[in-house]
Amino acid sequence: MSLIEITEVKKRFGDNEVLKGINIDVAPGEVIAIIGKSGSGKSTLLRCINGLETIDEGSIQVAGAQLLPDEVHLKALRLKVGMIFQSFNLFPHHTVGGNVMLSQMVVKKTPKAEAEAMARRMLDRVGLLHKFDAYPDELSGGQQQRVAIARALAMQPMALLCDEITSALDPELVQEVLAVVKELAREGMTLLMVTHEMRFARDVCSRVVFMHQGRVHEIGPPEEVFGAPKTAELRQFLGV
Amino acid sequence: MSYTFDFSWIGAYLPVILKGLAVTVELTVVGGLLGVALGTACAWARALGPAWLKPVVAAYVEFVRNTPFLIQLFFVFFGLPSLGVRMSELEAANLAMVINLGAYGCEIIRAGIEATPRGQFEAGASLGMSRFETFRHVVLIPALQKIWPALSSQIVIVMLGSAAVSQIAAEDLTFAANFIQSRTFRAFEAYMLSTALYLVLAILLRQALRGIGWTLFPRRAAR
Amino acid sequence: MIEFTTWDILRNLLLAARWTVVLSLVSFAGGGLLGAAILVLRIGRGRWGRRLAKGYVELFQGTPLLMQLFLAFFGLALFGIDVPAWLAAGLALILWTASFLAEIWRGCVEAIARGQWEASASLGMGYFQQMRWVILPQALKIAVPPTVGFSVQVVKGTALTSIIGFVELSKAGTIVTNATFQPFTVYGFVALIYFALCFPLSQASRILERKLNVAHRNH
């Protein structure tokens, strides 16, 4: 059974129809890259999956549960699907450790000692245990993004949504973040990534989705999508 | 006609002065704490609250900010009893100060909340926090940190404005000065002394608020 | 027992409100002139001028307006000067207003980017020319919203002059309450009249601020 089922999802912003009927099924352990020009609806689709945007038509199911726009369903959904943002969005008034512990204690009511232990494990996993007591503004962009990943992982999600997580980073910092993501993929985490890192998508992803003007234009394993683009739009996007 | 200054009465009236100081300090502390609490609640309501609540809070804020504190004080002390609510001078003074600071605090804190980057709200939401949990744990402290200087200034202003409570016979520092003046006829000296004491209080209060800011908010500035 | 109609009450209050308006205008105008002078000292070259201005501002901003009114009224009277309530009220309010306006305007001048000073200096302008042609025109523009906003504080400040006996709106309120024993109605009307005076000024300040920001964004 699919972990995430997206069926005929449509989304409008005023008069502008940004998603025109998206159908994607994501199996557990899949790593999916979503590529396309800006304005193609990639980020909007991702944000619909964890309820940051509401959908106008269609349905989204995660682990068999329907996504409905009320507080209870949204909260249950967000505990299953985590998100990493382009601008990290770490909490500036908490330490690195505090950032990773906060939502565990507030949302899952985890006792402090347990939350701290989990935080340390997750920070170790992303290679930043030694920064436990530092504040976000003392870290580089790449380090902050890795903390953001640890923060999402600490909630033990089934899947992670990555919204252009390396786009705001200086080039030399991109690799440290991608290394962490590669490791997560290897360990079997389900990932949906909006990305411009084509080489990464080719190496790590099981499927690539090319979006164009609000629709899934092409979908398939990376060898097919990158190696043998079928449509003119994809060819133009890849520059071949 | 020449005038000779005479401060000899200070010793005899020291208890009166000290009581006045104590009352002014109490009004400031209670007014400050409860006023900031009320202001925070109202700021939340205006920025993030339900649609029906916003105009109610807006009406309260606009009314308080566009009428003099003295009139608000008279309204609470003289006006409410005709509705059956009775209270002492000190209770009325405290209530009026809380209502006053609450309205100004609301606008100041609201500015801080509205300056919060949208990403902070989204991060809280995507971690499963409810809107209130996001407000309490993610938004509130950085917002307060941002506007702390403006809020501190307002608290000092309210403290200085507390002089008006003498008019409903609450025994604050101004009341003490009036009392001394009426007994000794040393108006200038009495008022000079109390003015100097207010100045000292203002300076101390500003320092105290700065110190509170340092302890409440992590030394690393929020970015 | 004299019966007072609602209109009797309102009429008395509105008549007294004229004095609130007059006192506010006088204080604002006088305070503006004095405030400008203090501003010049405050940002000027002379070290003692700056200190004097700074001390003035800290004194008048760090003490209650009510105390300043008392000192003006009772204090001066003891020197043998016969000070009518309106004179003490006007004097104290002018001095108080001046300190706040000077600070508000100082903030506006200092908000002008350093680059403006540097550019005009490298074009050969002297201090007064810089102020006259480059800095003050820009500072004046951003000064308008907070200055209009402060006028609200001036109107509210006139309420305290009732305590030294000046018969304006608040004093009339007290007198009428004592005659009619209807504090809720009377002070309710008083509040509404102040609101009617202040709210338009508050709104004007907000609208001006928004217009200004729009102008800035178009740069």
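By written order: A, B and C. Residues from 1 in each chain.
Here is the rule we use: contacts are C-beta pairs under 8 Å (C-beta built on N, C-alpha and C of every residue); 3 or more make two chains touch, one makes a residue touch a chain.
Keep in mind that what you see is a predicted model, and the values were worked out from it rather than measured.
A.B. asks: Could you name all chains that are in contact with subunit A and with subunit B at the same time?
C.D. replies: Looking at subunit B and subunit A together, no chain touches each of them.
A.B. asks: Taking every chain's C-alpha mean, which one sits closest to the mean of all protein C-alpha atoms?
C.D. replies: It is chain B that sits nearest the middle.
A.B. asks: Going by average Cα coordinates, which chain is farthest removed from subunit B?
C.D. replies: Between subunit B and every other chain, the largest centroid distance is to A.
A.B. asks: So, what's the distance in Å between the C-alpha centres of subunit B and subunit A?
C.D. replies: Result: the chain centres lie 46 Å from each other.
A.B. asks: Mind checking the centre-to-centre distance between subunit B and subunit C? Centres are C-alpha means, answer in whole Å.
C.D. replies: 20
A.B. asks: With chain centres defined as C-alpha means, what is the inter-centre distance between subunit A and subunit C in Å?
C.D. replies: Computed from C-alpha means, the inter-chain centre distance equals 55 Å.
A.B. asks: Could you pull out which subunit C residues touch subunit B in their complex?
C.D. replies: So the residues of subunit C touching subunit B come out as 59, 62-68, 70-71, 74-75, 77-80, 152, 156-160, 162-163, 170, 173-174, 177, 182-184, 187-188, 190-191, 194-195, 198-199, 202.
A.B. asks: Please give the residue numbers of subunit B that touch subunit C in the complex, ascending.
C.D. replies: Touching subunit C: residues 1, 3, 62-63, 65-72, 74-75, 78-83, 156, 160-164, 166-167, 174, 177, 181, 187-188, 191-192, 194-195, 198-199, 202-203 of subunit B.
A.B. asks: Flag every residue of subunit A that touches subunit B in the complex, lowest number first.
C.D. replies: Going by the criterion above, the answer is residues 50-52, 71, 74-75, 78-79, 82-83, 85, 87-93, 102-103, 106-108, 135-138, 148, 151-152, 155.
A.B. asks: Which residues of subunit B touch subunit A in the complex?
C.D. replies: Subunit B residues touching subunit A: 117, 119-120, 122-130, 133, 137-138, 141-142, 145, 217-218, 220-223.
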